[in-house]
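Same chain, two partners: subunit A is paired with subunit B first, then with subunit C.
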Partner chain A sequence: MILKKERLNDLLEALASKATVYVPRELDGQTRFAPFAKGSAVELGKAKTVFSPKETLFPQTETLYTYAQLGEDITLCETVNTTNQVLFGVRSCDTYSIERLDEVFLTRTFIDTLYLERRNNTLIVALGCTEPDRSCFCTSFGIDPAAGTGADIQLTDTGDGYFVEALTGRGTEALQAWSPFLTEGQKTAARELTFSLALDTSNVKDSLEQLFEHAYWNDLSMKCLGCGTCAFVCPTCHCFDMSQNNKGNTGYRFRTWDSCTFSDYSMMAGFHNPRPTKMRRLRNRFMHKLSFFSDRYGSSLCCGCGRCIELCPAGIDISRVIEDTSSLMGAGAEQQGSTAVKEVAS
Partner chain B sequence: MIAISHDCSCETNPLIPQVCKVIAVTQETSDVKSFRVQTLDGRIPFSFVPGQLGMFGVVNHGECMFCVSMGGEDWIEFTVKKVGTVTERIHQLHPGAQVTVRGPYGNFWPADACKGRNMIFIAGGIGLPPVRTFLLHTLANRSDYGRIDLVYSASTKKDLVFKEQLFDLWPNEPNMHVHVSVYRASDDWDGPVEFTAPYLESLGLDITNTTAVLCGGPSLYRTCSKALANMGVSDNDILTTLEMRMKCGIGKCGRCNVGSKYICLDGPVFTQAEVNAMLKD
Partner chain C sequence: MANTQETLRERARILLEDGTLDYLIGWEAGRFEGQTTPLIIRTVADVDRLIYNEYCVHLLAKYPLADKTTKKIGVVVRGCDARGINLALKDGQIERDRLYLLGIPCQGMKDAQTGEELKKCRECTHRNPVVYDELLGDLLEQSAVADRFAEVNRIESLSADERYDYWADVFSRCIRCKACRDVCPTCTCKECFTDQAAKGWQGKETSLAENQNYGITRMFHSGERCLECGECERVCPKGLPLMQLNRKVIKDVHELFGEYIAGIDDCTPSPLDHYQLDDVEEFM
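Entry: the complex of A and B
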């Protein structure tokens, strides 16, 4: 079935009457997934949004529970998420990332209830890429930019419309409500995409582990500002902090996104910090993306969306880290004791 | 090789604590107190296995992860040193105060795998409460274990926790030997004045069929694991409990990783061999 582009807004309007429909929109000069409102411009043509759709499932700040104190007595009230939502126009890099978030929050003994509630109430509509950005390198991680794994419905641009296909039972069910807006039509042959960044990531995990003590991390971390931008725009970064906000005898406990490059991220009471230097923090970040996550979950935590490359104010580029470590390995750097990592106070 | 098993489960939202009440407070040293807590209807907040962790907090000040230091039929106890914002506030708690508790988290001391072995427990300062959970288990199941040695040190005599057990109860346990040293002498101390590692080596303990259990600050851990190696204890026979900053306790918030291990899920208990295999921070 085909959704003609001129019917897109009608469809979104219909969907928005039943659920919150997140679409790529430009707000304050930056694109992000924001609720569709009648008349709002939908930015489906750009390869990726500045902010990932992560915030629709794992909000930047989220209340865990509220509390009230009356004398000695304390009562807690849990937060429950019941809003239905549709993520519309999600690219393959981001559906891959949602699959990784699912693994983090929904597997390994404990289930994150708030994430589960949002995830259960979310329909994901993927959109195949037609024009990658220069910072895009999802194919280097084996991701197909035309097919969003983990999505419920896949859209493919056919020029004047989108070919629509359900990928899950939930998607098939949802498409019933779409039928008034669809017309008969065939999928056009996928266009061959050209990526300016194509990396060999097959050995990156081994390379990083073997170069763990290499001075490369020193040089790289010198320019890191520890600003956390990379983590905040990253679709897979899931680290969070927990804190509380008091208002007299009441308040709420909440979680917020955090970044392992922040200096107090792992600071413990008594000022003991296992990662006291920028070098250790930045190295941990790249190790987590490209090695540690793979140990636990068997996949890369980098999806090659390139958002951190676009936005790092110091020009730290994960694709270059992959290339640099690969060429250092080629040069036999892991054998050279003289280049051992040095600690620089920061 | 000792296999460390894992047994965590949670039926409700694991980040929402239970409201509990403090039923007893014990002043252990000038800056260490033990807090006995139970649910508002008088039950144990959660059952735990010695070595597991619990998140203990004050609702409007936050929560911190501690090793559960002891448990009874209808209570658990946390032994807390006053070192930061939350622990300062915890130290102000009195019996009857309501607190938040969630857990249990993490793995536990491999008590079954150590049956039939001699045990050396080694701790420094506030490292004794986690070690004591295992020690109390061996004493409660005395016939399962051989000779028991406890090597414990603190900065000064007044910083030694659980003094009554150290000096009055444990020395009278059959086949148990208590060795206590301090780092700085004082007029009321006539025992050894020595750092833990050299003191441990000087004791000349027999290490055949022996498991060592170790908990202390980073320097104690470094020096004592070396001392144990010098004594001939294999890395598979050294157990330790690691500490990292934790927020969620359930392997989601990412904070407590050492390499690809999460201390809250894969730990806190590791063998020295497992620690050696981790990529250092």
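Entry: the complex of A and C
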């Protein structure tokens, strides 16, 4: 079936009457996923949004529960997420990322109920990429930019419309409501995409493991500011911190995004910090993305969306880290095996 | 600029070779056209990685401060970098004899994507380095800059409610990545108030109140020491107009205590780090 582009807004309007529909929009000069508003432009033509749709499933700040004490009685009220939402126009890099978030929050012993509720209430509509950005390199991780794995519905741009196909049972069910807006039509052959950035990532895990003690990390981390921009724009970064806002006898406990590049990220009670230097923190970031996550879940935690490359204030570029470590290995650098330059505390 | 780059490489080669420097901080090319990134050069073999062009957007002044060893550090300094170095010297963050400053008069840097001169450079009042050990190139005539307080004046003319709404909108967008703090040459506290979780100065929640607390406290803390390098605005991933706040403080300080240019040298006391008997004290 085909959704003609001229019917797109009618469809979104219909969907928005039943759920919060997140679409790529340009707000304050930057694209991000924001609720569809009648009459506002939907930016489906551009490549990735500046900010990922991560916050629709894992908000930057999320209340876990509220509490109140009255005399001897304490009441607790857990947050329950019941809002239905549709993520519309999600690129393959971001559907891949949502699959990784699913693994973190929904598998291996602990099920995160807040995430689970949001995830269960979310329909994901993927859109195949037609024009990658300069910093896009999802294909380097084996991601197909035309096929959003883990999505419920896949859209493919056919020129004047989108070919619509359900990928899951939930997608098939959801498409019933779409039928007034669809016409018969065939899928056109996927457009050949040119990625200016293509990397060999096959050995990156091994390289990083062997270069763990290499001086490379010292000079790389020298320029790192230690801010959280990379983590906050990353569609797969999922670390959070828990805290509370207490007012007298009432308050709430919440979680907020955290970043392993922050100096207080690994600070423990008694002020012991197992990663006391910027070098160790930045190295950990790349190790987690490209090695540790794979140990646990078998896949890369970098999806090649390139958002951190575009926004890092110091120009630190994960694609160059992949290349640099590969060429250091080629040069036999793992044999040198020591942080030749003394670490500086910062 | 190609000439400046050549001279810079040549000098770097000599200074590293003769042992004047342990390392030099400059820039190298990034992956994309016009993209650059700060670079440490430790050996002569790496000298050709050094670049100098109209896209060297990163302020270098803060980088040497992390090194608490006795190493001799070369830094490429333009007006903004040099003022940052003066500020660090004045604050006792590093010793002058550990630095070797290669001064470059700056024509202004460009945004690689738009080709336009960066806002921070359009507003720059000191293109020539104000401190250096050697100068690469000729000092420039300081071009006139647009009234850098125009935005502050516009906001001051709004009503209190309008001003509140304006800043509430700005801070509602802050994601608290702290890039503005981390890049800021005035931010050199060993432990930032925002990281003192146990003391609770700054809540971790991203909410309007907490975001305002972050941004406004930072503004007052940097205060009149702000160099107007504009790095906070350049790095903000949300594009927030942070310099408007800093300039409000600077404008007020100028009006109350006379003009003060932070980082112009490493010794002039700043209006807020001492007092005089005839200081304005309208609040007493």
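Quick notes
Methods note: the second predicted complex is superposed on the first by the 338 of 346 C-alpha atoms of A that agree within 3 Å, B and C clash if a C-alpha of one lies under 4 Å from a C-alpha of the other, contacts with A are read in each partner's own complex, and residues count from 1 in each chain.
Here is the rule we go by: a residue touches a chain if its C-beta (ideal position, glycine included) is under 8 Å from a C-beta of that chain, and two chains touch if they have at least 3 such contacts.
Predicted model, so just to flag it, every value in this text is computed and none were measured.
Applying the stated clash criterion after superposition on subunit A shows that subunit B and subunit C can sit side by side. Seen from the Cα centre of subunit A, subunit B and subunit C lie 90° apart once the structures are superposed, a value rounded to the nearest 10.
Of the two partner chains, both subunit B and subunit C are touched by A:241.
By the document's definition of touching, of the two partners only subunit C reaches A:226; subunit B does not.
Legend: residue contacts after superposition of the two complexes on their common chain; A:262 is shown touching subunit C, with no touch to subunit B.
Judged by the touch definition given at the top, the superposed model places A:317 against subunit C, while subunit B stays out of reach.
Once the two complexes are laid over each other on the shared chain, residue contacts for A:270 go to subunit B alone; subunit C is not touched.
Judged by the touch definition given at the top, the superposed model places A:163 against neither subunit B nor subunit C. Minimum Cα separation between subunit B and subunit C in the superposed model: 5 Å. Residue overlap on subunit A between its contacts with subunit B in one complex and with subunit C in the other: 241, 243, 267.
The touching residues of subunit C, when paired with subunit A in their complex, are 30-32, 35-40, 42, 58, 63, 66-69, 173, 175-179, 181-183, 195, 197, 203-207, 231, 234-235, 237-239. Chain contact summary for the complex, subunit A toward subunit C: residues 28-30, 60-61, 134-135, 197, 219, 222-223, 225-229, 231-233, 241, 243, 245, 254, 256-257, 259, 262-264, 267, 278, 309, 311, 313-317, 319-320, 341-342, 344-346.
Residues of subunit B touching subunit A in their complex: 6, 8-10, 12-17, 19, 59-64, 83-84, 87, 96-98, 100, 217-218, 243-245, 247-248, 250-260, 265, 279, 281.
In the complex of the two chains, the subunit A residues touching subunit B come out as 64-65, 67, 69, 72-76, 78, 104-105, 108-114, 209, 212, 238-244, 246, 251, 253, 255, 258, 260, 265-270, 272, 274-275, 280, 284, 287-288, 291-293, 295-296.
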